[in-house]
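Each structure below appears as C-alpha cells.
There are two complexes below, and they share chain A, which is joined by chain B in the first and by chain C in the second.
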Partner chain A sequence: MEELRETYITPVVPLDFTYNYRVGQYMERFLNSLKDKKLMGVKCPECGKVFVPPRMFCGSCNQKLDEWVEVAQTGMLANFTVGHVVLEKGARLAKAESPYVLGLIKLDDVDSLLLARVEKVAPADLKKGMRMKAVWKEELAGDYSDLDHFEPA
Partner chain B sequence: MRNVGIIGVGYTPVFVSKRRDVNIAEMISEAVDAAFRNTGLGPEDIDAMVFGNMQTFEGLNLPHLWASEHIRALGKPIMRIATGGTTGMSALHAGYYHVASGLHDVVMVITYEKQSEGDSQVGLAGIITPEIMTMLSLGIDLTGGTGMGGLGGGSAGGVSFQANSYLNRSGATIEHIDKMAALERRNAALNPYAHLKDPDATPEKIAQTPLIAYPIRFGHVCPTTDGATVAILACEKKAAKLADKVAWINGLANCASDATTGNLIEGLITDPGEQRPCMIAAKKAYEMAGIEDPQKEIDMAEIYNGFAHQCLMFMDRLFLCGEREAHVLLDKGELEITGRIPVNPSGGVVSTNAIGTSALNRVTECALQIMDKIEGGHKVQKDVHNAVAHGWGGLMQYVTVTVLGDKPRKR
Partner chain C sequence: MENKVAIVGVNLDSALDIEKSRERLIFDLVRGLMDDLGIEPTDVDTTIFATNDFLVGRTISNVFEDSPAGVYMRDESKVEMDATNAVMYGTMRILSGNYQTALIVSQGLCGHQVSPYLHISYSLNPIYDRQLGLLNELSAAAFQARDFLTKYGFGDDLMHAIAANSLANAALNPRQARQLPDISPQQVSESPYYYEPLRELHCYPPTDGGCAILLASAERAKELTDKPVWILGLGSSMDTYYIVERDLTVAPSATKAAKRAYEMAGISDPAREICFAEIAALFAHQEPILAEALGLMEASDAAEKYQSGETAIDGKLPINPSGGALGGHPIPATGGFRVAEATLQLRGEAGKNQVKDPKRAVVLGQDGICAQQNSVLVLGI
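Showing the complex of A and B:
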C-alpha cells in the first residue's frame, strides 16, 4: 500500500439520471379505483388467495390473476416499524421531524399485506394484531396518497 | 459432476472505508497478487475467471473489463456476475459450475467493492429504485411518505419490518440484537481483514446508538467498505497437485422468492422475516453435501448479516438451531469464537461490507478455518470439519448457501 497522502486526484462525475417507469396495468387499475375510495384486489383461481395491491401472477400457483374483487377497508396491524429518519432527494438520510409509524396492514379477507402510514396511535402503544381502518384524503387524485393512512378502528 | 475445492484465498491488505491511495483496478490487483502469493500459483495456472461486484455502486458497468489486465485475464474466458448482496457467492457458484462441469480445471473468482468511490445511498437507490419497479407495480409508493419512507436508510427501513417480525416469532429482544452486534465487532477486532473493529464493544455501547427505524439502530448496521477478495478453485486432480490444503465445496444452492416485502412463497405471503428461500436452499445444499444433521455436523457458520439481527434470524433458517433458540445460544456464549457453534468469527458483514466481496468472504472465511490458514486471532478453537456459508440479498428475497468440508464429497 502506498503511504496515505492528504490529497489525491479524484474528479467528480456529476450524473443525474431520470427514469420513467410505468407502474403497469394492474397498479393503474388499483390507483384509479382509489379515486372512488375503493380498494381493489385480485383473486387466485387456484388457491383462492386475494392480493392487495393487485399483482399479475400468483407465484405459488403460477396462475395469472384476472378476477378483480373489491375488499374491506378494515383489517389488522400485522407488522410495524417506527421511522426515525427520512430519505431526502438524492437518497440522503435526514432526521425525521418526529418518529413516524409505518405498518403492514392485513386487510380482512385479504392474504397479502399493504404498506401504509399509521396514525393516531403512539409508538409505545403499537401492538401486532390491532384493528385498523383506512382513512382517505379529502381531495382524491387517483394517486398513492389518496389512501392517507390507517388508524385504530 | 466433478468435485471442486478452494485451494487458495487472497484479500486486499486491508478492508477500510477509503482506499484513496489506489484506483479500483489497482485495488483489485492486490487481492489477485495475494492469492498468487498464498498459493505459489501464477497467471499461467488459471484457466478462466469469474468476476463479481454489486451492480450500480460505483456506477461502473464493465469493471471486469477495465481490470482485465490487473486480474491477468487477457486471452482467457471471463464473465461478470451481479446478484446484489449475494454477488460474491454467486460468482463462487459460477466458478464451481466451470470446474464441476469439466470445462475448466482451475478457476479464479474475483470480487471487489470500492464503495468510497461511488455513492452508496445512490447505489442502493440505484438497485432498489429500478428493481423496486417490481415493488412499485405492487403498490409501494416511491414518491410519497409511505413507501420509500419505510425504506429510509436504504435497506435499513425495509429490514426493520424483518427484524420486528423476527423478534415476534423468536421471543428475542432488541437487546439480543445489541448483543449480537457487540459480539461481532469484538470478533472483527481479531480479524486483520475486518473494517469496524471494537475490542471493547458491549451491548450497552451498541444500545446507545440512535434508532434508524425500530428495532434497527445505527450500531446494528454494516459500514461501507473498500476491499477485494479472490478465491482459486480447482478440480480434485489439480488440487492434489497444486495445494497442500483444500476446503471442498460439497454443497451449494440458491433460492428466490418474489420481490415484495410480502414474499409470496413465504407462508402468509408477507413476512420478510420468514425467509423460506433460505430454508429451501439450505436443505438442498446440506443434502448435496451429505449432511444429515446440521446441528451435529456443522462446526461453524459465516452468515450474511448486513444488519445484526440477521445472524440470529438466519441461524434457525440454516437449521443450526431451533426456531426460538438462536438468542438463547447467544446468551449462553455458544456463538462466540470459543463456543460450541461459532458464528461469524470474522466479524461478519455487519463489521465489514465491501458488498461484492461480502458473500464470498463468508465462504473464504469458512475455507480458511477448515484449511487452518486463518491470519489473526479469530481462528475458532475447535476443529472445523464442516462449515456453512450463507449469502443474502436481492430485494430481501434471494439466498445463497454453500457447505464446505475438509473432505471431498462422496458421489
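Showing the complex of A and C:
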C-alpha cells in the first residue's frame, strides 16, 4: 500500500515578536558585576540561604532579600550531564556537533546550584563532588556570557 | 468521596504521526464516545478542554474546538494543564450540583507539527535560564536521572528495565503510539544518548493524539452505563519552581496530591489497597520517584521491584500496564490517557494489557519541568 502522508505547511506569521524584557534591579546588578569578574548573590534574613543568581524574595520564607554578598568562584560539581543533542530554534531536537558537558555547580557558601558549561575534563573523568572554578571570558561585556564555563580547580 | 461522580465513557487515539487535523481528531473522539453511549451533544451539560496554546500555535487554543466537539455555544471551560486537571475540574462541576454530565476533551499534536519540548522551554525563567540556553526539558530530566541513580547507587540498567517494562506493555496496546514489539532492556541500552544517562528509549516519544472522557453524576451514570468507574478521590499540588532548589529525587507535590486523594478515597495503605497504577512518567527514572510519592514502593527498592517482575501486568502491583507515557505523550492529553486506560482496566476491557480483577487504581498526571506539578486521582468500581 502506498504510504499516505499529510502535507505540512509552515504558516507565515506576518509579525516579528521582539520583546524587551526589563531584567529588573537584581539581575541588572548581577549582570553589571560580571563585568568586574564578581559573582553577586543575596542572603535571606530568615533562613540564611544565599541565592545566585539573585532574586528579590526567598521562596520558602517569603522574605525580602536585601543583603547582597559577593560569593566564591569555586565550588563543587553537584551534578552533571553529557549532552549529545541540542534544542535548536523552536525547541527542535538535533544532534550536537560533539558531546559537551553541563554541570550544576554548588558554589562555596551558596545554597542554590548554578548551571554552567564544564570544560577541560573528559566525560569519563567527571565525578560528583569534584572541585570546580569559574573561568571568565577574556573580554567582558556585562552579560550572561561573561562567565564562560567552570573547570576543575 | 463515595460514588458521587463516575467515568461513564472514554475514547482515545494516538500515533507518532496521526493522519488527520486536530479538528477531525476531536470530532472522531467525541462522536465515537457519544455513539458508544448512545447520547447526543445536548446530553453534555458542560465541557472542559485541556489544550496548550504553545503547542497548538494560537492563544485560547480551545477557541475552535467546541464545534468539532459538538458543543458550540454551550457551557465550556478550559485548563492549560495536563488533562487530569480537566477531569478534576469536570468532577468538581458535577459535585457543585449544577451539572449532571461533564465532557473532557484533550488533544496534542506534537508528533511532527511542533516540538514537544517547546512548552517547557517557554516555562523557563526568561531573564536567566532562557538566555543561557543550557536548560531544557531533557537536560533537566538528565540531572534528575543522575541524582536518582546516584542517591540509591543504581546503575543505568535500572533505567533500561523500567523503560522495557513500559515499552513491552505499550507494544501490546493498540491505543499506544510507540510500538516496539520484542523490546528488551538490551535494546533500550543501545538507543542513542540524549543527555547522559538519558537515552532516547528512556524518554517519551513525540506524539499526536487525544482523548474524550464523559463524567456523570451517580444518578445520570446509572442511565448511561452498567459499568461506572467511580472517582473516589482527587488531589493536586505544585512544587517550587527552580530545579536548582529542588531535591529532584523526590516529588513532594505528588506526595501531597496523593495524600489528599487517598484521604478522600478512604485509603490508608495504598501499597496494599491499590491494584495497579497509571503514572505519567515522562522519563523512565520518574516512574519509581512518582510511585514512591504515591506510596506504592520505596524508591530504594526499585531495582528489586522492576527486576522481579512485580511491576509487570501480571505482577503484584502493576505499574503502567498500558505502557504509560513512554508509549505516547500527546501533551497535554497524557493524564487523560492514564485516566482512560485505568477506566478500561477497571471495566475489564483492557485486552492484552488487562490486569487481573482490579478494584482500585491510582492515576497520576504531571506537568512542568521535572514533574513540578502533579495531580492524582483514585478510581474504583
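The working rule: the second predicted complex is superposed on the first by the 133 of 153 C-alpha atoms of A that agree within 3 Å, B and C clash if a C-alpha of one lies under 4 Å from a C-alpha of the other, contacts with A are read in each partner's own complex, and residues count from 1 in each chain.
We adopt the following convention: contacts are C-beta pairs under 8 Å (C-beta built on N, C-alpha and C of every residue); 3 or more make two chains touch, one makes a residue touch a chain.
Worth saying up front: this structure is predicted, and the values here are computed from it rather than measured.
Legend: residue contacts after superposition of the two complexes on their common chain; A:Ser98 is shown touching neither chain B nor chain C. Using the contact criterion defined above for the overlaid structures, shared-chain residue A:Pro53 touches chain B and also reaches chain C.
In the superposed model, A:Tyr144 lies in contact with both chain B and chain C. Touch criterion met: A:Met27 reaches chain B and chain C at once. Once chain A of one complex is fitted onto chain A of the other, the partner contacts of A:Leu15 are limited to chain B, with no touch recorded for chain C.
In the superposed model, A:Arg117 makes contact with both chain B and chain C. Within the superposed three-chain model, A:Gly83 lies in touch with chain B and with chain C [touch as defined at top]. Of the two partner chains placed around the shared chain by superposition, neither chain B nor chain C is touched by A:Asn62. Common to the chain B and chain C contact sets on chain A are residues 4-5, 8, 21, 23-24, 27, 53, 59-60, 79-85, 87, 90-93, 102, 104, 111-117, 123, 128, 144. Note for the complex: chain C touches chain A at residues 17, 19, 57, 112-115, 117-118, 120-121, 126-129, 131-132, 134-136, 138-139, 142-143, 146-147, 150, 192-198, 240-242, 244-245. Every residue of chain A that touches chain B in the complex is listed here, in rising order: 1-5, 8, 10, 13, 15, 19, 21, 23-24, 26-27, 30, 49, 51-55, 58-60, 78-87, 90-93, 96, 100, 102, 104, 106, 111-117, 123, 128, 144-145.
Note for the complex: chain A touches chain C at residues 4-6, 8, 11, 21, 23-24, 27, 53, 59-60, 79-85, 87, 90-93, 102, 104, 111-117, 123, 128, 144.
Across the complex, chain A is touched by residues 13-14, 20-22, 30, 59, 117, 119, 121-122, 124-125, 129-130, 133, 136-141, 143-154, 157, 160-161, 164-165, 168, 210-216, 257-258, 260-262, 264-265, 268-271 of chain B.
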